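Look for chain A in each of the two complexes below; its partner is chain B in the first and chain C in the second.
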Partner chain A sequence: MGLAFLVYSLKAYIIVISIIMLIYSIRHFIFSMNRSIGEQKLFYQDIIDTDLPSVTVIIPMHNEELVAANSLEAILNSDYPSDKLEIIPIEDHSEDGTRKILERFELIHKNIHPFYRSSGNRGKPSAMNEVLQFAQGDVIIVFDADYIPPRGIIRNIAISFLDPEVGAVMGRVIPINVSSNLITRLLDLERTGGYQIDQQARYNLKLIPQYGGTVGGFRKDVAIALGGFNPNIITEDTELTFKLYARGWKVVYANRAECYEEAPETWAVRSRQVTRWARGHCQVFFRYLFPMLKSKYLSFLEKFDGILLLFIYFIPLILLIGIGASLTLFFLGEMNLFSSIFVFIMVATYSSFGNAAPFYQIGVGALLDGSHARIRLLAMLMFNFVYYMWYISKGAFHAIFDVIFTRNPEWQKTQRFRKQDQ
Partner chain B sequence: MLTNVDIFFGKGERKIARKAEEMPVKSLIYHHRAYRKLPKVHPWNTALEFFMCAVILNLIILFIYPSITYSISYIGKIIFSNSIEQYEILNSPFILGDVYILDIFGRYPSLTFSIYSALSSMVLIILMPLLKFINKPISIWLTLIFLINLISSLFFIFFSDFFPYSMWIYLDLYIKTEICIWLIIPYLLIFAFLPLPANFFSKLKLVVVSLIYSIIFGSIRYIVFIFILREYSYIFMAVVFFIFGPFFNFIYIISFYSMFVSRLAVKLKGDVNKWGWLF
Partner chain C sequence: MAKNSKIQKTRSIILFTIFFCSVACGLLAEASDTLSSSITSLDYLKTKESVTEEITEQNVVKKVLHNLDEKKDFNFLLIFIIIIFVIMLFLPFFPAIRELYQKKDDKPLFVSMDYTKDPRFFDNSFREKLVANVDQVGIDRCFRITISGKEELIEVVEAKNIDNFNFGKYALYLDGDLHMKKGMNFSKEVYVNGTTELQENTKIRALLSEKDLILGKDCKVIRWIGSEENIFVGSGCNLGVRCTCEKELHIEENCVFKSLYGHPIITDYSVQNEEELKEIDLDIENSEEETTEDNLEKPVYETITFRKLKDDKSTISDNSLVMSRNELSLPKNTEFSKDIIVKANLIIGSGSQVKGTIKCYNDVTLKENVEIDADIISDKNIILGSNCRVWGNLFCQGEITIAPGCEIGTEGIVKSVIGKKGITLEGNVKIHGYVLTEGKGITA
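Let's look at the complex of A and B:
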């Protein structure tokens, strides 16, 4: 009796996962079709207006001596009117030469106002909360320290805030070190699927494009009114996205606003990064799922997409349990045709889990980008499937334990790889 | 003196940027890739066209799978039969016809072999994170293989009498799963190809090539699996099924897809008129 119940439960679990996977597969197929041949929603970048909002560019830094000067130089090279541009690099508990670099820039450039932090909680959310109190710009634009913003990007991002409905804007992230090694090439493929297709399609279809915490901006007064950033949530970007949507603000995606980042060059760094993303994303799931569902400002489709977006980092965990269920059924002699095909379908639909993009989405994205050589690496993402399944599940588990034991995670910085002489 | 190029770009990028600086000035600069779209296809017509093709391919597979399974089993019979052991080919009903399976025996592992297998799997699981020269995705992949093998070994140590499969049941499940995957492949690839601006016949050609490859590779694996389970025991059945079974089909399906998209990207690269633009 007990064994029969177990078998039925495991089979039911596998059916449920298969249905969930099917829903995600259809969702991403619609995204791929929409981005490749559907009507595209234009961003605001081609609007010319002299009445630009005042902008504060924030660059959080913790031990960033390898990259700090590069990003500051790039922002100083911006075409944004200097009288409307304030730059605040946040030196957050650094132990290397970051402070000296910032002091040097502060001496030369009058609109650079570094903020030095050596007490209080370390981490981006806490640092941002403090800066929001004295930043002079109406719009806050954030770049991570390893980013090389192109000349026109601040204008491209800031212009969209002339639309009173817009609460936040997200630009496109492109790895600058693509040719470094296999990892960076594979990450570039994932980013292509995630930005060129996923974000643009969600923007086109009036769903939930996501603010990504860097190469993006938000309204300062709105962020303050929403209570700033929760220092215990390690993906403050996802938190802000759902806070904004729940209160009726829109997040828009600027595919043209491309910015170069340094992608992780080792698997160890990538695993820490993806574990952190998963943990933070799942934290947001627990805190903002119901506020989002209860929001009167969101349509049914937005809510549905919001659920799928919030749940995405739980998928590897439920697949991992699915493998366990399949193994159990196998040894119980209950491995039937359906269960065995499930193993194939599971991989076929979600082969590459970095950005939760299936192979056809990445293929179309790479085609639009014209990356003809890198597309050939697509099959290698299959090996990442198990890797991501492990690390994302680890992050999801952490988030679950954070809720159960009311733990507060510590902020972890992503290691940089830029050479000293570059 | 350092230029902007030197400041902002790394070694590889600096080389590319310098190369770009040396390039002749373009007479016309096209729109950015953000404004790029693929040329309009008529999705419903194309979907219908492809659906018909998938149905025809499915009908062909349904028509020929009894012959394919018989041929594979016959090859297996030739390879594994000898003067002492002669194996039969038995039929098992499936969808519209029968599948043919070699009625062959595998080997049950001895207790000693199961213990050795469990211990070696355990050691390898512990060692994997320490072997820094193996990159993480491969290391985790191997750990999963050893973990499945460990579970299988423990099963044979403690519950060997309850092992629920014979070679025949296993081969029956394997071959039926493969047939289902052959039936799924046309739909999977056809839908993946749907938005791509390529000739219908070139897409169809790739679907057919993938199918042929899948049938050949699936057959080779059938023989290899029999060899492993017969020579090295049922202990490896779980690994063989979960890692090198249906899971494995995905690699070459995606490889074929990626080669196709790569060639298409090269074709589209030089011809701006082939793109759809937002403006």
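Let's look at the complex of A and C:
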């Protein structure tokens, strides 16, 4: 009796996750088709307007002596009117030479106003909350310290706020250290799929593009009115996205606002990064799923896409459990769900469309970028898939335990790899 | 650190192996199950061979299999399937391994670090390259520069000698004022260090004029034209990809464009026909004595608060009002002082004043004499009635139509009119700044 119940439960579980994977695969397919042959929505970067909003550029820094000077010089080279541009690098409990670098820049440039933190909670959300109280710009634009913003990017991001519905803007992140090793090449492919296809399609289809916390901006007054950033949520960017949407604001995606970043170069660093993202994202799921569903400002499609977006970091965990269920059923000799042909179709469909659905996005994205040879690396993403299954599941587990045991995670910084003066 | 990475790698390999094996086991189990059911049904058929001999297909299969040793060939078949499966499973990895070793595409995507949004960027950089070189070279000489990634030879010639010149071979630097005959064809880039006057039916690839640029009727621009002063465009011209100048850009009717830039851009013609003009003259003659300032009616504005708007509404901030569901129509002579976000069509009655940005998910229609003291953004089309005044930008995913007498922006401040699918400018329209469309721009 107990065994029969177990068998039926496992079979039902496999059917359910197959349906979920099918929904995601259809979603990825729709996004790929939209970018391939669908109508593309014009973005605001072509607007030329003398009346630009005032901007504060924030660059959180913790032990960033390797990269601080490069990012500040790139921002100073911006074509944004200097009388409307304020730059606030946040030196957050650094133990290296970051502070000295900032003091040097402060002496030379009048619109650089570093903020030094040596007390209070360490971490980006806490630092941003403090800076929001005295930043002068109407628009806050954030760059991570290892980013190298091009000349026109601040204008491209700031001009979006002419739209009164826009609460935040996200630009496109491009790895600069692609050629370092296999992992950087694979991460470059992931970024291509994520930004060139996923984000842009969500913008085209009026769904939910996501604010990513860097190479992006938000309205200062709105962020303050919504309570700032929660220091107990690691992914403050995802939190801001859903907070904005729940209250009627929109996030838009600026594909033309491209910026170089440094991708992790070791699997160890990447594993910590992806675990952190999964944990933070799942935290946001628990806090914002119902506010988003109850929001009177969102359409049905926006809510549906929001659910899929919030749930995405649980997928590896449910897949891992699904593999366990499949193996259990196999050794119990109970793999027949309906009949053999249906099982074969389900497995084949799942393995081709379910696994490969992100591959559609990455392949189409690479084609749109004019990068054809790197598409050959698509098969290697199988390693990422298996690798992420473990670490994202770990992050999801942490998030579940955070809720159950009301734990507050510690904020962690991603390790840098760039050599000084590079 | 090294030990940790070894553990990570080992863990990854184990996980991958488990995943691969579980998928392979599942597929093989299904393949073997399917095959053994097929063999079972064939056995059944063999014992029933005496029942009927009319079904020829079954007879063929039976005969073939009858000659086989079923058990032995089943094993061969299984091994064959496994080999095919393994080959197909690993096939996608071969191009990947090749790319890892050959590294044909391992550079980061190109991002132009110096890119800046400047509608006259190309004109200015073209001019800088030419001016920098021509001083060193002199008249009736040549020099090379790079234009659009290609190296071009530039010939320096006096403009007054151009009639005898052999066009088409080289790009030109023309010193002095240029006055061309009708129907000339410039197939390379041209820079004129003076005033440029092109007659009817001239065809130009690209031209930059240091002083005023005058285009006759029916001229065709393949790429772009620009001037450091004013541009005057005759009727029926095709202005190519870009037409920009530092001062006034005057365009007559029936011209086609993609991008314009001027301070301001003026469509220099009236849409009234002659009969209407005669009627109006008569009216003015008859009523001249009666018209005084006291008799002119001034509009009485009615301030609309959101309480008076009949629809589902809410605020997302102190400045923004969100309207949803149904079409919103503001009555005549309305005064409204908020940003307004409408999720349906929006119609603003004549004579109204709106002091806030308009964002609309559908069409925005302004009746005549409306004033908007901010931007208009639409996911579909924007239609401006006659004599409207908009101090901000117009931006839409559809088409923009601007009726006669409208003015966009203000002197000294650049604003933009951007309609993804098309822009129609009627007569006597003034735009301070930039016009852009991916579709067709016309002066109607």
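Here, the second predicted complex is superposed on the first by the 399 of 422 C-alpha atoms of A that agree within 3 Å, B and C clash if a C-alpha of one lies under 4 Å from a C-alpha of the other, contacts with A are read in each partner's own complex, and residues count from 1 in each chain.
Here, contacts are C-beta pairs under 8 Å (C-beta built on N, C-alpha and C of every residue); 3 or more make two chains touch, one makes a residue touch a chain.
In this text the structure is predicted, and so the values were computed from the model without any measurement.
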item: Superposition on chain A - do chain B and chain C clash or fit; value: clash
item: Touched partner set for A:400, first chain B, second chain C, both or neither; value: neither
item: First (chain B), second (chain C), both or neither touched by A:386; value: both
item: First (chain B), second (chain C), both or neither touched by A:369; value: both
item: Chain B versus chain C as contact partner of A:165, first or second or both or neither; value: second
item: First, second, both or neither for A:6, with chain B first and chain C second; value: neither
item: Touched partner set for A:188, first chain B, second chain C, both or neither; value: second
item: Touched partner set for A:151, first chain B, second chain C, both or neither; value: second
item: A:70 touches, of chain B and chain C: first, second, both or neither?; value: first
item: Which of chain B and chain C A:332 touches, first, second, both or neither; value: first
item: Segment of chain C intruding into chain B (one of 79-87, 115-123 or 421-429); value: 79-87
item: Footprint overlap on chain A, comparing chain B with chain C; value: 42, 74, 148, 176-177, 179, 258, 267-268, 271, 323, 326-327, 330, 335, 340-341, 343-344, 347, 351, 369, 371-373, 376-379, 382-383, 386-387, 390
item: Partner chain B, residues of chain A touching it in the complex; value: 29, 32-33, 35-37, 40, 42, 69-70, 73-74, 77, 148, 172, 176-177, 179-180, 196, 255-256, 258, 267-268, 271, 323, 326-327, 330-333, 335-337, 340-341, 343-345, 347-348, 351, 359-360, 363-364, 366-373, 375-379, 381-384, 386-387, 390, 418-419, 422
item: Complex contact set, residues of chain A against chain C; value: 41-42, 44-51, 74, 79, 148, 150-152, 155-156, 162-165, 174-179, 182, 185, 188, 192, 221-222, 225, 247-249, 258-260, 266-268, 271, 296-297, 323, 326-327, 330, 335, 340-341, 343-344, 347, 351, 369, 371-374, 376-380, 382-383, 386-387, 389-390
item: In the complex with chain A, residue positions of chain C that touch it; value: 1, 4-5, 8-9, 11-12, 15-16, 18-19, 22-23, 25-27, 29-30, 33-34, 37, 92-93, 95-96, 98-100, 103-109, 111-117, 119, 314, 316-317, 319-320, 322, 339, 341, 356-357, 359, 375, 377, 392-393, 395, 397, 412-416, 418, 420, 433-434, 436, 438
item: Interface residues, chain B side, partner chain A - complex; value: 4, 6-14, 32-41, 43, 135-138, 140-141, 144, 148, 151-152, 155, 164-165, 173, 176-177, 180-181, 184, 188, 191-192, 194-196, 238, 241-242, 245-247, 249-255, 257-259, 261-266, 268-269, 276, 278
